[in-house]
Each structure stands twice: as structure tokens, then as C-alpha cells.
């Protein structure tokens, strides 16, 4: 590679005293001195969370209040720090959601291990796990920092769902039950 | 004021003697040097006292010169000591015996 | 108050009272400076700064309490309390005597120099200005320099006694810097005194006389030396920054490369002594600069205290004129301290070799040239 | 067993690679030998061929010969014999190797065929991999990554079929997922000899069901789950328990009978989730009995023994008992212990100068993979010299000795003495040192109970009915308060005054290989996964109880023929 | 008042000077020397030589002792075991010092200096700058020039001394 020497522009006398630059700097800082603050006063004011923010992972329900997670354990598998621990379970056959068959019996996310990478959200085939806007997780003990299923659903709430595939499946099943095979 | 010239001169003499003692006693070049300075200060004290008690300014003016010379001397002397230390890694006079050995 | 009652007191009582009064002003001022520093740095950086602390028992006060809270004044009290009450550790490996001595030594020059700095004046019955100063010695500026130069011991001892690399490096840097810039500083004020002591005047090194000589009648007489001798003022200013270890020159601390510099091993009260001493230094330094170059307690160039007190019809009252002068002086000092902080949060730190180059190769020749130029100019003026 | 030595080798060409295979070898198997994978669903190497999934389509061709002269026709372009390719693809599973057979599996046509078949298979297959237990070991999933479209052109309503049909006590059927490969039907008919499954209805209505009034409840029903290529048949026990990709696979043995079926133990973080068969064509092919799959429940059973004390404390107490009545001890070994443990048990008996007994367990064999001898390792006891003759069902001899006062101390290595025929009064007369994993009458009566490990928590070897030495490996760690059998036995020997024994597997094998004649020259590490057959001639005269099973004909039966 | 101050300051001067001589640690020596200088400056003030007092502090305390400390710390000479003073050294040194003191004091006695205190009416010289200036730039003009030249030479000497001459490093 050719070496191209770049000549530095020689400084003028005024520049060599640095005084004009210092005065310029002083002007700049003074402008900021009188300008309004740019910081948030955190506990009272909260930052606006941008879209795509990766906060605390949570579990969500669909608009019908059904838990979306079917405990496929892909998030547990993909989780790099092994923060997720799922105990799969079967939905009782007399439940209204029996057609989904599977739901997590226990779903723990150890927030001391979580690195907020978002791979769980990425991999979830049911769009049940979401890294939402919650960014402040605190606790006094290690146990407190493990989010159990109840807490995860409490944090996650309900997200709109464009597909509602399990509802469609249920409808098809009902139709089949009434009208023979199809 | 009951303190007379004698008292100042005596004080000056003792101070001078202390400096002299230090020069004789100590091995550390820097401390010897400080003791030399102490002797200089003792002489300035005597000069100032003479000046004051004789109502003349010449002693004080001499102190001026002594201070100036002392400053120059310290600068040069310390530079020599540092140069010495660089060469010999010591400033103890009893170890500076290259000519004896 | 009958002032004669005060002057009847024995001299040592008066001196003690005056000393205590000055310290009682200087210390809170230094503390307030530390808070001002935090607020100003915050504002410059677009932050609000400390604005939360408030003792619960004052919360009920309607308007004042929130304003004070926003200004962070209670934070100041909390910080002070913390410094006093927190554990004051002495590391095991230090030289204990000098380790404890160093912060005390830092305070001594800072508090002593204030004695010869006049902070105001009043007009006696004859209409002459009389300085408000603890010790109106003839060699004022020299005393300031002499005692101020003792400040180097605290830094060098703190660095050495800490028996640890970074503090030692900080101490060495600081002492070299202080000694270096003292030269330019001293040389830079010489033109001022040459001017003041121009043949015909009485030989003096008193700061009071310098101030008074800036309020003479006439165009030249009423001019501040800051205008008359901008180069001197500039050199003095730069050297002052270096002597007080303020930002572009805060080599001894330079936390980026030396952790905390000479006070790395210090904590709690002893550290706060260094801290307060630095601000005392700043205050005294600002005061000297104001006296030398910004007309002291005279409100404006060509507008002297006497004229103002005449306009306000308070010339007859020593107390009122004294208060006015002190206020004017303090106002200038505070503005100058603000300038200190403003510069600190604007300029980056010099590299150490740059500091030395600037001190020895730039400022020193410049101040010598400046001295020669003014000496020649004064001689020519005299001749003319 | 028929010897394959006589079969004639023929050369076939698969994707350009020549290979010699026995005549009649299935094309899929032949392709596997050259490393070519022919996807398939309905074909299973141990079942008959039906060819109904159409996934294994390959291009086939034979060298051209002149019909008249039978002379080879040469291809001028290549200088080789010309190949007459059959214009349409053929299924590989129904084709047998014949001389000169040419197969192509990677042509665009074949690829096209596979994609077409996949699309048809997936038309009605539900997309519920996230909840399907087969996910991770599903052939449909695997092949759809290679030949699936990635999107569906099927816009009509998918078939809706029953989702959870209980075919039997252990098998649940999800009809929607079934691709009608009929492997399960053929298995039930051909291997389990229990023809209960079949398809009803036609076309897209085809459904797998049991015959009316019958259930899939034979002892081999779970093999249908293993061979189901999709998630249609699932194990009710394992259903929704754990995804298979989390599970660690450890090779082990089925210890329910002397067949010694090879198994795989699937565990995660110290918890066993299921047991499946491991292919061993000499022992169990790819099958195992349902009863053997439940043995892992013993690991975490309520009745599991664990000790609060340290092993040293337990051994100290055992030592006092052993020293109390020297020369009046008896050792009861177990046919469920491994070869190594039986060897140390023998050493213990010798150190105590005590007779060694073994308890026999017998029940009717089913002729497939459960034999009459329900001890997995009686032959191991014979090989190591723990016993000389076949064990009795009841320890009458020991009972008599106790009654006579000739035995004051009994060391039971994993056997329940009460179940072995000793009465409560007899048990009360002796001090019992009991080694075992589960609470039993013997452990209740014992003076010292030393909890030991189950077969899933330790490694070792066993000798099955064919005198086949087979290894099992440690799948999970034992619980706190249970101690390794070998270590316990070794230290018991020391406590009994015998010379110190090594307690690690390699050390014991060093002694086995030198001291046990039948194991001379055998090393633990060198035992292949399919086992090694030992010389059984010293015990040929013994009247073993086993009948005929899948790959074993007892010597008597052979002699009778 | 002034007498008391004289005794106090004189005592401090002598005491610290003695400690300067006797301190084993060079840093301690320097610090005691500093105290001694400050006390001497106090004595100067008692003698109405304000300017000299300030100059003493400025030059000695502010610069010279600081330089000493600087060098001591840079050369790191606080550590190390030194052989204690031998009895002979001490005896010789004390004898020499005693002789010197006695000799000079006898001269002082012989000189018959006035023991009388300074009379208040004796003019105080040295308090004003002007008188110094007058003396320095008239009577002592030549010495001033010479001293200035000396300072220049000293400065050059220091620069030369503190430069490293690579070629000379191996000469011991």
C-alpha cells in the first residue's frame, strides 16, 4: 500500500497561542451552561423506550387470555447463559384449551443469568416470549431474581395476535365434531 | 526591648556551630549540605542583627547577596549531588572513596 | 455599634477576632465553592446536579426549602457531615506523621495568605481610604508569594508519605509544577509594582497601594492594570491556574493516569482538608488577581469607591463604605471563581511535558520579555 | 441362528460407487453401506416391506446386454458397459441387490420425487412441532429440511382427526400426525404376534385404530412408539415430559430378565426420563419389552434407601457385627449384581470363610425378549465362581443353618431375605448386614443397612443367557447417602479381615482378567457395544431354565433338534 | 512581649537546627530545617527586617528546602541501614564545635559589643523598600551585577550538570 504523507496545515500564530480556541471552547460551554438540561430525573421521569428494546423477557397471553407458551423448550435450548428453565406439562383434557395439549407447568427465568440477548424471543415459534420494555429488575436475594411463571405473565400481559392459529384449530375441530370428518 | 545585640550574636554563633557540627558529623551529602545552609542562615542572622543595632542598612543588603548566592549554590550543589548519585548510586560521603582505594 | 469599643480591646484579641471572622467567611465560602463547582459542572454538561437532599424537618417550608433543595445546599451540609463523621482510615504502609501532617500543612498557607490580602476599604474622616485587612504589611505581595510557596510541602509530603507509586508521582509532579510556575507568576507581577513604584511614589509592595493606584484620576490613573498590562494579567492568570492545580494544570490529581494523585490514599476528613485548601487557594488567588489587575473593590475602571460612596451619600459612614467595598470585592472574587470553574469544565488537561514546556519555554521568556518591555516603557515615560 | 457365510456376494453400483453385498440385500441397506442415505418412512430393517410411503424412490438400471447374444453392450462415450435405466423411479425398499444393479439417488428426478412425496405427506400433517414429542427425532421434520417446500400450496382445510386416542395403557395416538406408514401394524403382527392394529376407512379418512374390543396392551406396545417415524404414537409415560434434544443418551442393559436387551437411558441433569431399546442384532434387534422401560422409576422411588451416616460409620458398625461371631457368617449374593460385584461378593465370602448363596427368580418367559430366568446375571455368578450350581428359589439351606445356629451373621448383597424364603423368626436370630437400593423386609430387619446404587447409577458388565458379556454405563449420579457397590464391598472385605481390594472398575477388571478363567484376556474397555460371547462349556451341563427367545435357543432345545 | 518572642523563636531555631543535624532520616532533617528557617524569619521580623524575613521564607523555605526534599525523595534515601556514629566521630565533632563556639564567643566578648537594648528612637532601617533600592543601585551596584552574572553562570552550570552525556556514563 502506498504511503501518502499528509502534510499538516501549519498553525497560525493565533492558533499556536491556543487562545482563540480556548475562547471558542468557553463560549461553547457557556452556551450549555444556560441551555436547558438534557438529562432525565430518573425515578420521576422515565425514558421513552424505543421500539425493539430488549428489556426483561416476559411471557404473554393472546387476546383471549390463553397462555401462548406451549413449553416447546426451544428458548431453554437456545438460551446462551442457560437462564431459562421450563418444566413442561399437559393441559388437562377437560380444559377449554385442551386442543393445545401442552403448557408449561413451571417456567423460570433466572434474571441473574439472563443477558438480554433476545434469542428466546427470536426462536419462539408461538411468539409467547417477549423482551418488553421493563428494564429495572431488582431484588434482595437470589431467589427473588428468578422470575417464575406467574410473575412472567404479570410482566408480559397480553399482546395482540394477528393469527390466532389455535382458535382456528379449535374451530376446525368443532366443525369436524359436528359435521363428520372434515 | 531588653534583648541586646549580644543575645542575637550568641544565638547566631550557636546556630553556626550546630551547622558546623552537622557538617562534621553527618555522612549524607544532602544533610551536610543542609547544615552548610544552616551556617549561612546563622551568618545572615548575625548580619541582620548588626544592621538593626547599628542603624545601618549594609548588613541587610549583604543578606540580600547571601540569599542570592545561597540560591545559586543550592541549585548547582544539588545538581552535582544528583549527577553524583547517577554515577555512584550513593550520596554517602564515606562511600565516595574512589581516590582512597 | 460604637467602633471605639472594639478598638479598646487588646491587640491580640482584635487580631484573633478578625482572624476568626475571616476564617468564618473563608471556610463556608470554600465549601460553597465545592457545591458551586458541582452545580456549574452539571449545568455545563446539561445536568441538574445535586438537587435532592433535604432534611425531613425542613421539608414543610413552602417556597424556600424546594429552592434550596434544587440548589443542592443541603447536599453541601450532608457532604460536610459525611467528611466529618465517616471513618478516617490511615493505611498501614504510610509514614503516619507526615501522612497526618500533610493535610494540615495544606491548610496553613491557604489560611495564612488571607492575612495580608485586603478585602475592602473604608474612608476615614479625612476622606482617605483605609484598608480592611488583617495585617497591612508593606511587603504584601511578597508575603503572599512566600507563604503561598509553602503550599508545595503539603503536596510533596502527602505524596511521599503515602508510600505508594501514584501518590508519589502526583506529589513529584505537583511540586515541580508549583516551583516552575512560581517564577513566571512572580515575574509577571513585577511590571505592576514597577508602575506603582514609579519614581516619585513611595516604595511599596502593598496590595492596598496597588488597588489605590488603580483609582487615580485621569485616563491612565483610573485604568485597571488588567487593561494596562494584559500580558502580565494573562501570565499571572495562567500561573494562578497552575499554582492552584486547577483543571488544565491539575497534574497532581490527573485521575486518568494517577488515580487520585497525591491524595489517592487519603479519605474522609483529611481528604476534605486538601479539598478545602484547594478552594481556599482559589479564593485567595482570585482575590490577589482581582486586587492586582481588576481594581480590587473599585467598581469599574475610572469609577472609584470614593466616587460611588459619594454618589450614594454614604461616604461618611465607615461601616457602610466598608461593607460596600467588601461586597464589591467579594463579587469580583466570586465571578473570578466562576471563571475558574468555567475553564475547568471547558479545557482538557495538559500532558505533563506540555505543562513543563509551557511553564519554562513559553511563559517564563514571555514574562521576562514583558518585564523588560514595561521597564523600558516606564523609563521612557519618566524621561519624557 | 443361520450362518450368513454361505450367501453369495454380488456387486452393485450406488451413485457411482461399487460395493459387494450379499445377494438379496435391500437397496436401502446397501446404500447405507456406501454412506448414501435413502430417505424412507415405512421401511424398517426388522419388519416386512410394504412400500407404501414412496419416499425411497430411486433410479434403477441394469447393464445392457444384447437380447440375442447376451453380449454386453458397450457405451462408446465412456467405454464401459451401457446401463439401461428404468425410465420411472422405483422404490428402493422393495428392491433387492442383484448383480450389476445400478442405483442413482441424487438425480433431479429423484429430488423432484422426494419433494413431491414430502408435499403430499405434509398436506394433512399438522404443524405442531412445538408441542410434538417427536420433534427432534422426527423423520418428517428431518426430511422436510431437505425436501420440504418451506410453504404450503394447500389452501383447503386440513384433515381433522382424533388427537388423543388411547390405543392402550401405555400408548397414545395422535391420528392427525399419522402418515399411514403401517410400521406399527406390521410390528404388532410380525414381532409381538398380537395383531391388534389396523387402518380403517379410505383415502384421507384412513385412520389407525385397534380392532374393536381390543387394545394395544401387549408387553411390546411401546416399540410401536419407537418405530413410529412421526409423532403419531407417543408414550403416555414420556408424553410432554422433556424435549429429546436435552436428553443425554447412555448405553445400558435391560435387567428384567436374562435376555439382557440392550437399551439407551435418556437422562437430563441426573434425572432419567425414558429408556429405549438399542439395536443389537444378536440379542434384541431393535426391540425391548415395556416392562423393562419402567425400571428407571426405582431410581427416584419412595422406597429408595439412603443413609444419614457416613459410609465409614456404617462400615464400622458392620465390622463390629462381623467380628462378633467369626466363622458363623453367610453371604447372600444376587443375580442382579454386576459381574464385578459378584466377584467381590465371592471375595467377601472367602474372607469371612462363609458359604455364598444366590437367590433365583423365575417366571414364565414370553419367548421374545423376556426369559424365564428373571435374574439378569446368574451366569455372571457362575463365571466369577460365586456359585457352582444353579441357585434355588428359596434359601432353605441357609434357613436350616440358621436354625442350627451355625450362622449368626448374614451379609445380603441386594437380596430381600424374607422374599427369598427365610422366616421372620429366622431373620430375628441373625444379625443382617443389608446392601440394597430399596426398602424391603430384609432391610427393615437388618442391623446395618448400607444403601447402594441402582444399575443406572453405576457401570459394569453382565452375562446374559447366551453367555454374552455386555457392558452398561453410568447414566446418572447416585443420590446423596447411597454408596458405590464396589467400594462398599471392597471395604467390607477389609472389615472382614480380608486383604484389601481395589474398588474401582478398572482395578477389579485387572483381577477378573487374571483370576477368572472364563474372562481370561478380556478387558472391560475392549468389550464391544454388542457384547462378547464367553466360553460356556464348563456350565453346559447345568439345567438352565430359559426357553427359546428372539435370538437364543437353549442348549437343550438345540440338542433335541 | 518581644523578649518572650525572642526566646521562643530562638529556642525553636536552635532546637530544630539541632534536630536537623541529628535526625537519622533525611526527610526529617529537611522538615526541621524548614521549621528552623521559619523561626529565623520570625527573628528577622523581631529585628524589623520584614523584607528579609519574607525573602528568607520565599527563597529558602519556598524553594531551597523544597528542592532538598525533592532530591531526597527522588533519590529515595530514607531506607537502608546506616552504621551509627562512632564514638570517635562524635567526640571529634563535638570537640571541634565546642572549640569553634568558644573561640567565636570569646571574640564576641573581646569586641565589647553594646549589651544595651535597641533604643526605640534608633531609626528602623530595612523596613522600606526604597532604602534597599537606594543602597542596591548606588553603593552596591557592582555586586548586584556580579551576583546577577553569578546566577546566570549557576543556571548554565545546572543545565550542563543535569544533561546526560551518554559517552561518559561508563566512567566511574
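We call the chains A, B, C, D and E, going by the order they appear; numbering starts again at 1 in every chain.
One rule holds for everything that comes next: contacts are C-beta pairs under 8 Å (C-beta built on N, C-alpha and C of every residue); 3 or more make two chains touch, one makes a residue touch a chain.
The shown structure was predicted, so the numbers you read here are calculated from the model rather than taken from an experiment.
J.: Touching chain A and chain D alike: which chains?
T.: Where chain A and chain D might share a partner, there is none at all.
J.: Kindly list the shared contact partners of chain B and chain E, in label order.
T.: Looking at chain E and chain B together, no chain touches each of them.
J.: Taking all protein C-alpha atoms shown, work out their mean, then name the chain whose own C-alpha mean is nearest to it.
T.: Chain nearest the centroid of all protein C-alpha atoms: A.
J.: Rounded to a whole Å, what is the gap between the Cα centroids of chain B and chain C?
T.: 34
J.: As a quick test, compute the distance in whole Å between the mean CA positions of chain B and chain D.
T.: 103
J.: Roughly how far is chain A from chain B, centre to centre by C-alpha average, rounded to an integer in Å?
T.: Chain centroid spacing, chain A to chain B, equals 77 Å.
J.: Which positions in chain E are in touch with at least two other chains?
T.: 55, 63, 67, 74 - these are the residues of chain E that touch more than one other chain.
J.: Which label fits the chain touch graph of this model best, line, ring, star, complete or other?
T.: If you draw each chain as a dot and join those that touch, you get an open line.
J.: Pairwise, which chains touch?
T.: Applying the touch rule to all chain pairs gives A-C, A-D, B-E, C-E.
J.: Can you tell me which positions in chain C touch chain E when the two form their complex?
T.: For chain C paired with chain E, touching residues are 98, 137-139, 142-143, 145-147, 149-150, 152-153, 156-157, 160, 168, 171-172, 175-176, 179, 182, 197, 202-205.
J.: Under the definition above, what is the set of chain D residues touching chain A in their complex?
T.: 128-131, 135, 157-161, 163-164, 205, 239-243, 245-246
J.: Which of the residues in chain A end up touching chain C in this complex?
T.: 22, 25-26, 28-30, 32-39, 41
J.: Taking the complex as given, what residues does chain E use to touch chain C?
T.: Against chain C, the touching part of chain E is residues 27, 31, 34, 50-51, 54-55, 57-58, 61-63, 66-67, 69-70, 73-74, 127-130, 133.
J.: With touch defined as at the start, can you tell me which chain A residues reach chain D in the complex?
T.: Touching chain D from chain A are residues 70-74, 76-77, 88-90, 93, 99-102, 125-126, 172-173, 175-176, 181-182.
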